[in-house]
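So, here's a batch of structures to check.
Presented sequentially are two complexes of chain A, the first with chain B as partner and the second with chain C.
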Partner chain A sequence: MNTVLKVTDAAVFAGNKQLVEPTSFELAQGRVLTIVGETGSGKSLLAQAVAGLLPDGLSATGVANLNGTHFDLAKPASLRPLWGRTLGILPQEPWLALDPTMRALDQVAEGHRLVRHLERAAALDEARRDLKALGVEDAEGKLPDQLSGGMAQRVAFAAARAGGARIVIADEPTKGLDVARRDDVIALLMKEVEAGGSVLVITHDLALARQMGGEIAVVLQGQVIEKGETEAVLSNPSHDYTKRLIAADPANWTAMARQGLQSEPILVADALSKTRGGKLLFSGQNLKIHRGEIIGVSGPSGSGKSSLGDILLGLIKPDDGVIARLPGAARHRFQKIYQDPPSSFPARITIGQNLDDLIRLHGLDRRILSALLKRLRLSEDLLQRRPSDVSGGELQRLSIARAMLLEPVFLFADEPTSRLDPITQQETVDLLVELARERDCAILLTSHDKALIDKTCDKVIDIAAA
Partner chain B sequence: MIRLLFGRLVQAALVALMVGLLTFVMTRFLPGDLAYRIAAGRYGYDIVDSAAAAKVAAELSINQPALVALGQWMFDLVRFEFGTSLISGQPVWEEVSTQLGHTLKLAAVAILLSLLIGPPLGILAGLRPGGLLDRSLILISTGMRALPQFVVGLGIIIIFSLTLGLFPVAGHDHPGHLVLPALTLALGLAAVSNRVARDAMRSVSETAFYTFGRTKGLSEWEVFRGHGLRNVAVPIITYLGVQFVYLIEGVVVVETLFAWPGIGHALVHAIFGRDVPMIQGAAFIMGLLFVALNALVDALCHLIDPRERRT
Partner chain C sequence: MTSPEYALPRATGFPVRRAAGLAILGGLVLFAFLPLLFGGPDPLKQSLRLSLQGPSTADWFGYDHLGRSMQARLSAALRLSLGLALLSVVTAMVPGVLLGVAAAWRGGIIDRFIGGISEAFLALPGLLLVLMLTAIVPDNPLMLYLGISLVLWVEYFRLTRALSKPLLLSPSVEASRLLGFGPWTILRRHLWPELAPMLVTVGSYGAASAIMAIAALGFVSVGVRPPTPELGAMMIELLPYYEEAPHALLQPILVIFLMVLALQLIGAKEKP
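Presenting the complex of A and B:
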């Protein structure tokens, strides 16, 4: 087998602090290597070090051998000539990675013209061929904001490779994507592999690793703890952490005990309908939510999951239909947990101040917060920090604490774990459900992950345009 | 595009109405005896007396009721009939249009100069935020903007005219006369536009698409030309629209300082002389000019930004 990329002792430092321990791996032609690990394990840093893309303030050591040439990872500038030509770096958020003021075709043609030095007309022809090969020839004349997520993904993929790169580095290529688009990305990457290219994938999504095949390396706290053929490692993990990682995949969860519906309904919705952007999301949607009930909504993004939840909370108005909320329950007892924890906290004040304001506003007992924090396994010290200084998992548990503080009767959890890695996701969902059960609080849980919904919820509803 | 220009046309009509009303009200409320001041303007302060003032008042029907006068003025406006200057006796339109020509020449050169100074420096600073250029620029810009324009103008006269002897101080008969007043205006404009350019460049260079341009394999210059320039140009040009207010305000001061025979200069003199038709005419034209320039900015953004073209 022909090795195209051989990394020896790649390590990442912030000043003197070692973030990633010296790590070595190899990538063969026509093969996939997946690096998995939880958020903060250093797996992304490893990929960034190899690509010469570490953020300011971080430095790397080690050597990368590309097709026989040695590159010193401590000198990221020396890697720049490889960008686009040898290394194709797939952007994480394709929509944001495309210039909003340039047609899709031109963005792809750039690589052919400026990196491969083709004539303008030839470059445009090549770009057209690329888009056609990916099935998005109608994206040509469009600007990024006219592209669907899947189309943007393909255009970005074509653009990343136009310079002739045959080694593709994809950092979290499926983060926050629904199933359909996820499969799209996997198909794109596999196509590259079949054509003889090599792919380095960084992810926390084990299902992705399984589908991609090839080899896998599991990273924990900056160290590779296990590596080998993906199939073999995932079916017979030797390291304890790998086992936990596999168990945390929602498909492997044990289903939670379901609850009966003896209690009184707290929210009854009748014949709701909603149109957004000219598209009918749902109509004639009926829903009855009882105390302490956990209801799941699953479906692709854009199907109206969030809109339904926001309508039930009264944050947006339905086009049609009526909602009856439990009489006597104050409006603030209908709460929401947001998808992206950092953006649901004010960035410039400490978390403690945010929560104290809430306690003062509603005249609550401070001891409730302490009890909640203990229950959610959160240290009181976290309250002194700002949202940016707390991990995503902790922050999402803090937002659960913040919602629970108000003794909600209904909680809308909108994709609360889609940005968290599997182990953190499982912990978070478990705690959320436990707390809700204890407090007789109903939950409407949305997720693009069907398995997560199926294993967690008492009842699953489909939203559909009747 | 058509809808956009139509919107500006409606705006122009509204501006005309507002400026017409306001100048009328404001000139009515100017302190002092209107007729007396006009007579003084015509015959000189030494020989003016109440008889002359009364004659002026009668001739110009200054004592007619306010509402009648307003109606008359509005009616004249609709027909683009600005009347004649109370002091020179020339038709206002004739006077204003020659002055406007001078002012436009000055303003155009000032904008051009400011665009040559401000945005390039700002873009360089934005590419290296916190660098030496960035820090020096913020100091100079803040200072430049904090100084009143007549001080900047005087400083420029002292340096370029009195000390170095490069350009004439005042006058308007050859292009060299344009340089100093235009530079005074341009520095004030550039002091702000370089900050706008700097912030725009900084935020564009931090976007994912800028990084993606690099990882696609483009050189730093290719990324800037392909993905930086167009994205930075839109806020800079949009901001020009806002800067026209500053320009119009600046023209009044700078033209007076450099004795440039433009519309700002004329406006100041008209106010001193209580030359009501001239005040109204000049203010009216400046208001419309402001709308026209903003329409031009819209059109430019339209050409640069394909997202605008589509709508």
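Presenting the complex of A and C:
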């Protein structure tokens, strides 16, 4: 087997603080290496260090050996000539990676022309061939905003490797994608592998690692704790952390006890319909939510899951239909948990400030907050920080605490864990459900992960059924 | 392996530039207002005996063509410029910000109405508006003040509206509303912390352009009329004597330069 990329003792520092301990790995031609680990474990930093793309203020040490040439990772500028030619990066947000004013074919041809120095006509031919190979020849004359997510991703990918890059680094390629888009991305990367390219994938998604095959390296707190063939490691993990990671995959959860509650309904929706951007999301949607009931909504993104919840909360108006709420329940007892925890807190004040405002506004007891924090295993010190200085998992638990302070009767949890790693996800969902059960609070839970919904909810509803 | 060069953590705390700007501005303010406390020569008192006398150890600034104390005239002119600029900026900022928030909040017809008015002001060259007003009522600092404020408010309005609109649509504001918070909290906790740094920057740039506008109008003898000391007017008065007394002409130029430099330094963001 031919090693194309060999990284020795790559470490990342912020000033004198070591963020990633010296790590070594090898990537063979035509193979996949997946680095998995929880959010904040330093796996993204490792990839950025290898690509010479660390943000300002961070520095790396170590050596990368690319096709026999040594590069010092401490000098990111020396890696720059490799960009596009040897190293390609699969953009996370394809729409942001493409030039909105350029047609797809020209964007791809640009790489052939400017990086490989082909003539204009030859570059266009090559670009056309690339798009065809990825099955998006229709995209040729389109501008990025006319492309669907999957198409944009493929065009961006074609553009990223037009310079001839055969080593592709994909950082969280499936973050926040629904199943269909995920499969698209995996197929795209696998195609590259079949064609003899090498792929380095950074993810917290074990299903992705399993589908990609190849080799896997598990990172915990900046240290590789386990590596080997993906199949072997995942079916027979030796490290405790890897075992926990596998157990945290929603498919492996033990289903929660379903509760068949027939108490009073707190929310009754009758014949709701909603169109968005000319597309009918759902019509004639009926829904009855009882106290303490956990209802799941699953479906691809754009199917109207969030719209349904927002309508129930009164945040957007339905085109048609009526909603009746439990009489006597105050408006603020209908709450929402957001997908992206940092964006649900005021950015420039401390979390404690936000919660104190809330306590003052509703005349609550400060001790309830302390009890909730303890219950959610959150330290009081977190309250002194701003949302940007708290990890996603902790922040999501803080937002659960914030909602629970108001003793809600209904909670709309909109993809509450899609940005979290599996272990944190399981912890968060468990706590959310536990607290809701205790307080007799109903939850409408949406997720693109069908397993998560099936294992967690008392009842699963289907939208878009006209 | 080469020894690693650790990146230094980025400097936090008060930016050096801003501190330098504040120091210069502080010096100018002291120079302008100390004579009010301790007394000094009358800026209008002529003494032809001293005409165009250069700086000396007894008097660091010398005298102008009519033998008036340059030091007294400069500090009086600074008081006028700084005071007028500060007043115009505050007068422009308050309604600009309030209207910007209102437009972003209410949207629709209100947004379009205020937006239309702001664009009408924008279509008019700023200095022309001030010129027109000062032509209607000459030799009245009030008109200068009014004209400059009318030019400046548009920027606050547009920036506030542009910053507030996405914020008001963001999940964090939606969450706050769901939690029961009223408009006051949203203004204080969501909008104000985002707007305040912008206001410092735009405010100091606005003050700098107000000072330049006052001086430019003085220079073309439209603004404040002689004998009131004003930096632009002083320049044009002293221009004929640039050969005999370059020091006199250079002084108001240097003062304007320092003032604008200080304000630009205060407004500038530290580059990463």
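We take it that the second predicted complex is superposed on the first by the 465 of 466 C-alpha atoms of A that agree within 3 Å, B and C clash if a C-alpha of one lies under 4 Å from a C-alpha of the other, contacts with A are read in each partner's own complex, and residues count from 1 in each chain.
Note that in this section contacts are C-beta pairs under 8 Å (C-beta built on N, C-alpha and C of every residue); 3 or more make two chains touch, one makes a residue touch a chain.
Values in this document were obtained by computation on a predicted structure and should not be read as measured data.
Enquirer: Using the superposition on chain A, decide if chain B and chain C clash or fit.
Expert: With chain A as the common anchor, chain B and chain C collide in the superposed model.
Enquirer: So in the superposed three-chain picture, is A:Asp56 touching just chain B, just chain C, both, or none of them (first/second/both/neither)?
Expert: The second partner, chain C, only.
Enquirer: Does chain B (first) or chain C (second) touch A:Gln335, or do both, or does neither?
Expert: The answer is second: A:Gln335 touches chain C but not chain B.
Enquirer: Once chain A of both complexes is superposed, is A:Ala159 in touch with chain B (first), chain C (second), both, or neither?
Expert: The answer is first: A:Ala159 touches chain B but not chain C.
Enquirer: Looking at A:Gly363, would you say it contacts chain B, chain C, both, or neither? Reply first, second, both or neither.
Expert: In the superposition, A:Gly363 contacts neither chain B nor chain C.
Enquirer: After superposing on the shared chain, does chain C or chain B touch more chain A residues?
Expert: C
Enquirer: Which positions of chain A sit in both the chain B and the chain C interface?
Expert: none
Enquirer: Show me the residue ranges of chain B that touch chain A in the complex, using the header's touch definition.
Expert: Interface residues on chain B, with respect to chain A: 207-209, 211-219, 222, 226-227, 230-231, 234, 305-307, 310.
Enquirer: Could you pull out which chain A residues touch chain C in their complex?
Expert: Residue positions touching the partner: 9, 13-16, 56-59, 61-63, 72, 74, 313, 315, 331-332, 334-336, 338, 340, 343-349, 353-354, 357-358, 361-362, 399, 402, 406.
Enquirer: Under the touch definition given earlier, write down the residues of chain A that touch chain B in their complex.
Expert: 51, 53, 80, 83-85, 87, 89, 91-93, 96-103, 110-111, 114-115, 143, 145, 156, 159-160, 162-163, 165
Enquirer: Write out the stretch or stretches of chain C touching chain A in their complex.
Expert: Against chain A, the touching part of chain C is residues 1-2, 4-10, 170-172, 174-176, 178-181, 185, 189-190, 193-194, 272.
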